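Once you scroll down, you'll see the structures, which are given as structure tokens.
First chain A sits with chain B, and in the next complex the same chain sits with chain C.
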Partner chain A sequence: MRPSTHQRIHRGIAWVILGGWGGFTVFLVLWVIMASLKSTRSLFGKPFEFPSAPAFVNYSKVWVTSHFGEYFLNSLMVVTASVIGLLVVALPAAYVLSRGKFRGRKALLNFFIFGMGIPIPLLFIPLVVMLSEIGLIDSLTGLTLVYLSVSLPFTIYVLQGFFSSLPSDLESAAVIDGCNDWQVFWHVMLPLAAPGAATVAILNFVGLWNEYQISLVLINAQEKRTLSLGIYSLMTSMQYSGGNWPGLFAGVTIVMVPTILIYIFLSDRMISGITMGGVK
Partner chain B sequence: MLRSSRSIFSSMLAGCALAVMAPQAQASELVFWSMWNEPEPQAVALRAIMDAYTAAHPETTFSAVWNGRANQTKLRSALQAGTKVDLMDQDGDQLIGGLQKQGLALQLDGLVKADFGASLLPGVFDIYASEGKHYQVPYVYNSVNFWYNKEILEEAGAQEPATFDELLAMCDAVRKLDKYALVVDNDDTYALYYFSYLLERKLGVNALVTTFEDKTGESWLKPEVLKAAQMAQSLWGRCIPDDARGFQYPAGQQTVALGDSMGNLNGSWLPAELSSSAGEDFPWGAFNFPSVEGGKGKQTDLQVALLSMIALESSEHKEEAVDFLEFLVSEEAQKIIVEQGSVGSTRAGVAWPAILEEAYQAATNATAISNIYGGVGINYPDFYTTILAPEQNKMFMGQTEAKAFVEAMAADTKKYWEAK
Partner chain C sequence: MRRRMVIIFLAPAVLLYLFFVLAPAAASFYLSLFQTSGFGETPRWVGFGNYIKLFSDPVFWLSITNMALILTVGGVAIFGLAFLFTILINSGIWGKKLFRALIFMPNVIAVVALSTFWSFIYMPRYGMLSNIFKYIGFDQAAAISWTAPENIIWSMLIGLVWISTGFFTILILAGADKIPTDMYEAARIEGAGPVQMFRMITVPMIWDVIAITMVLWVIEAIKMMEFPFAFGGPTPVQSLLTPSIYLFIMGFGFRQPVYELGYATAIGVCMFLFTVVAVLILTWATRRDRVEF
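And then the complex of A and B:
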């Protein structure tokens, strides 16, 4: 059936808006990459011209002199460990909160949902005090634990919705076949929940990769900084010390690359995970 | 023989006793949290100063944490968690309203030498004192001057202006070159340079603070205040290009580096901030904010933004920390700051880098110094951030009339004090 004129107009408007939005986003990303290959003078003198002689040295300077190599590794370690830990904790918890029948289940779920509404700055001082007490302040282990904890409410909320959308007949069949609770979870429900798990893993990875506030408060030592703190250092160095603006854009590009790669290779899986969880 | 053995034995015992009783220099490690990032030249200079101190006092070593500009914010949380820190540095005006106000800075009176302040440039030691008590040792001098391209001024056939009328004449001369003499970035704080300086030239040093501290708000309605606002607005189109209203930091100041504008009213950090786009041979010049006709303020009065180091009240090595603070502004250490950090020194008689020569002369000859942006932000940050800075910016950018601005400030000031 051919779309009506009305539908075609609607579709056309949607294309213009989404195309314009997408085009603008791509333009900004390309501009940042272009800016990262210029000298400061040409960046401000000719902001929209392609660099005549790309200054790849901006990248090597940021990577070595501004320690972005170390920061990249730190971010990768902390975020990967946080996401793995998060899945290990959140998947069984979400499954139980979705399927379990026990008193207080709803209250417990609401408790987790409540956690999503707590502003991060309110946690600064309690976190610093607690981590100092257990000797994990200014450590990547401490940062990983905090990342894991603050990401739990959202992750459990999403996964709980996902588990609820899965048909219960499969569990019943598994129980009839002789599976115990753990086996039902491990062999039947977890594989079915893989798209949802992948979705929350990707969303958390991207969110934590760009996280700044918590790491700023908890991490001091230069060798333990994450990429977002590296960007912050570069930005603040512009005041008083001399602006290496192309270096800043090189740093931004380094931070962006993993996120963009994740979206390029895993966006289909993420979208399918979100839509599956959204339909009961 | 026996007697002589006894005598030797007694001497040895006495020697040992003396050795035990002699004051032993205790090894101590001073923990320093810094506003600089490790690769910055100022951090390199501070590291060299700490090394020089350790060379002279081998019992004292340093552990430095290079936090960057959010140093004070990070330190507050850390102190609450019981972290031990002996020394820290930050912008002096931020410290006044921060650690110093909270009683976390060590008072230096009685701990430093009586004539300590005399060794520094005029007004430096006193500017951040609270009720006559000193807490900070300013060690980097930043002043607010007009920073400009000497070649353009020369080409325009103009002179550095001493009065506001001469400033306007200079602008007219530069306009003939199809350039503008001045440029700004559309920013609440940067925009306050002009009005606050004009007010100080009209009514004298700290005029913005004293105007605000009149709890009736009536001081805002003085003709001089209105005139200062009108003079600030009059610069647009004549000195400052109208399209500068669209400049976001650092777009405006970069036009100076590119030769599109002649100058910028800014801190003495500007040549450093623009070094990579302006190049090493840029012909920098600097002059003070001009005087105004019939004004009480002098052209030699200077707004400054000094960077200070403090010892923490909770330090377990107060004596060593204070001794290091004194060393920090010694001739030896300040020469290191100038040479390796490429910044202005706070010590009298220590020449600044050549590029800052005119600012050095201005600092040396300053008749009075006051805080950057007129100083309201230090003691009244709530009023400054939410009302004064944004409203003044609207006025300066021409979104509100000068008269409407002063009337609104009078009403808001009265309301502010009534609510206190």
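And then the complex of A and C:
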């Protein structure tokens, strides 16, 4: 059936609204990249024109002088370690919470889910006090442990749902074939859970890469800053240095390009991971 | 499954969660009953003193007002847009997946990065908005100071709505996608338009999804910190203060150290209680028999 004129008009309006909203985001990303290659004068004088001679010097400045190279490595280390640790800890827990038969299983699962409702700022001060006492304040190890722990509720919730959606006859077959419970987990369930594990890994990687409120509270030393924190301090320092906006946008580009690249290739998986957690 | 495996598999997660999340959360209730700067001095027991002080602190009430504004005005805008986008995306247009991906995209970019862009948009005189208004000849509009104390919260809200809408859209959209299409076919034959179908079919069918997303928004809005904090830039404006930001400033100071750890923690406890109460009210208000399909 061909759409009627009426329908065509409706679809046209839908297209314009959605295209406008989505187009704005694309415009933002491209504009920031463009702005990062300009001189301050041309950024303010002609904000919508392409830079005549791309100023790559903005990047080398921000990478070296503003230490974004170090911040990049810090972010990469902390976030990678957190995500790997998270998988090592959360996969077995989620498996047991989904497949185990023991009293209090449901209660324990709810106990983890409850964590999603705790406002992170509530933890700021006790965490600082506690980490100072055990000597992990202002350290990337401490930050990693906190990142890992606060990501547990969401991760366990999503993974538990994923394990529950897997068919149980494979397990019974493996048991009949003589696998013990550990072998069932390692050889049967873990490979099946790989897509779910990859999804939560990506979501947590992006989420922690972008995080800055916890690092703002826990990290003090300049050489231990993460990228997002680096942007924040660069922004804050601009009040004194008079405003090197192109340099700031070069920093912004450095922090946003990795997650956008991940998103371009894996948007379907990320979106389905989030909706898997929220919509049951 | 052997008992030993259950324990070994659960222990690391439970311990980390207890140690770094639940224990600090519980400790904050206790800490909020003391006055302390945290520097070796013995904390002084003040009972509910911090809470009594909070209730007569105009800055705290200002942060609560801002929080309420974000929660309600922001919430209405975000859910209004999320519903609109769900209707539009599901109206059978081409490029459904592309639009969904584009609408969600701001959520994958660091909030602090987005805030720099929004600061540039609103910058007085040289900002993008001023430039656009000047270009089309609206000199009066170009002269508006978007970051003036009386305007800044609204300017911030626009950016916040833009960031958050995508998240709630994809959740509502995912719920709507599970509804059998023959229901829509039947409605279309009866002559229903997209808005009618959304109101009469989609909303009742995905009511529990809408309820969950509203709970998520309430949790998010009450603890709001990152965007308003970065948007405020080098000098956090009082007009952008949320309870989380106030907690941060009282705990760690901004420019000048404050170190009122007990007082700051009391703010956190209030936020937690708000969250619990708001979620309970919301769950009660949206309660309804689940539609099975």
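Just so we're on the same page, the second predicted complex is superposed on the first by the 242 of 280 C-alpha atoms of A that agree within 3 Å, B and C clash if a C-alpha of one lies under 4 Å from a C-alpha of the other, contacts with A are read in each partner's own complex, and residues count from 1 in each chain.
In this section, contacts are C-beta pairs under 8 Å (C-beta built on N, C-alpha and C of every residue); 3 or more make two chains touch, one makes a residue touch a chain.
This structure is a prediction, so every number in the text was calculated from the model and none was measured.
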item	value
Side-by-side fit of chain B and chain C on chain A, or clash	clash
Partner chain(s) touched by A:Ile84 [first = chain B, second = chain C, both, neither]	neither
Contacts of A:Ile9 with chain B and chain C, given as first, second, both or neither	neither
Touching partner for A:Ala93 - first (chain B), second (chain C), both, neither	second
Partner chain in contact with A:Phe124 - chain B first, chain C second, else both or neither	both
Contacts of A:Leu170 with chain B and chain C, given as first, second, both or neither	neither
Touched partner set for A:Gln222, first chain B, second chain C, both or neither	first
Which superposed partner A:Thr65 touches (first chain B, second chain C, both, neither)	first
Dominant contact partner of chain A by residue count, chain C or chain B	C
Chain B versus chain C as contact partner of A:Val206, first or second or both or neither	second
Which of chain B and chain C A:Val57 touches, first, second, both or neither	neither
Touching both chain C and chain B, counted on chain A across the two superposed complexes	44, 124-125, 128-129, 216-217, 232, 236-239, 245
Residues on chain C engaged by chain A in the complex (per definition of touch)	1-3, 5-6, 8-10, 12-14, 16-17, 19-25, 27-28, 31, 38, 84-85, 88-89, 91-95, 97-106, 108-117, 119-120, 126, 128, 131, 162, 167, 170-171, 173-175, 178, 194, 209, 212-213, 216, 219, 222-223, 225-226, 229-230, 233-235, 243-244, 247-248, 251-252, 261, 264-265, 268-269, 271-272, 275-276, 279
Chain C partner contacts - residues on chain A that touch it in the complex	10-11, 14-15, 17-19, 21-26, 28-29, 31-32, 35, 44, 47, 88-90, 92-93, 95-97, 99-102, 108, 112, 115-130, 145-146, 148-150, 152-153, 156, 181-182, 185, 206, 209-210, 212-213, 216-217, 227-228, 231-232, 235-239, 245, 248-249, 252, 255-256, 259-260, 262-263, 267-268, 270-272, 274-275, 278-279
Parts of chain A lying in touch with chain B, wherever the complex brings them together	39-41, 43-45, 65-66, 124-125, 128-129, 131-132, 137, 216-217, 220-222, 232-233, 236-245
Chain A partner contacts - residues on chain B that touch it in the complex	33, 36-42, 65-70, 73-74, 77-78, 80-83, 142, 250-251, 254-255, 257-258, 269, 272-277, 279, 343
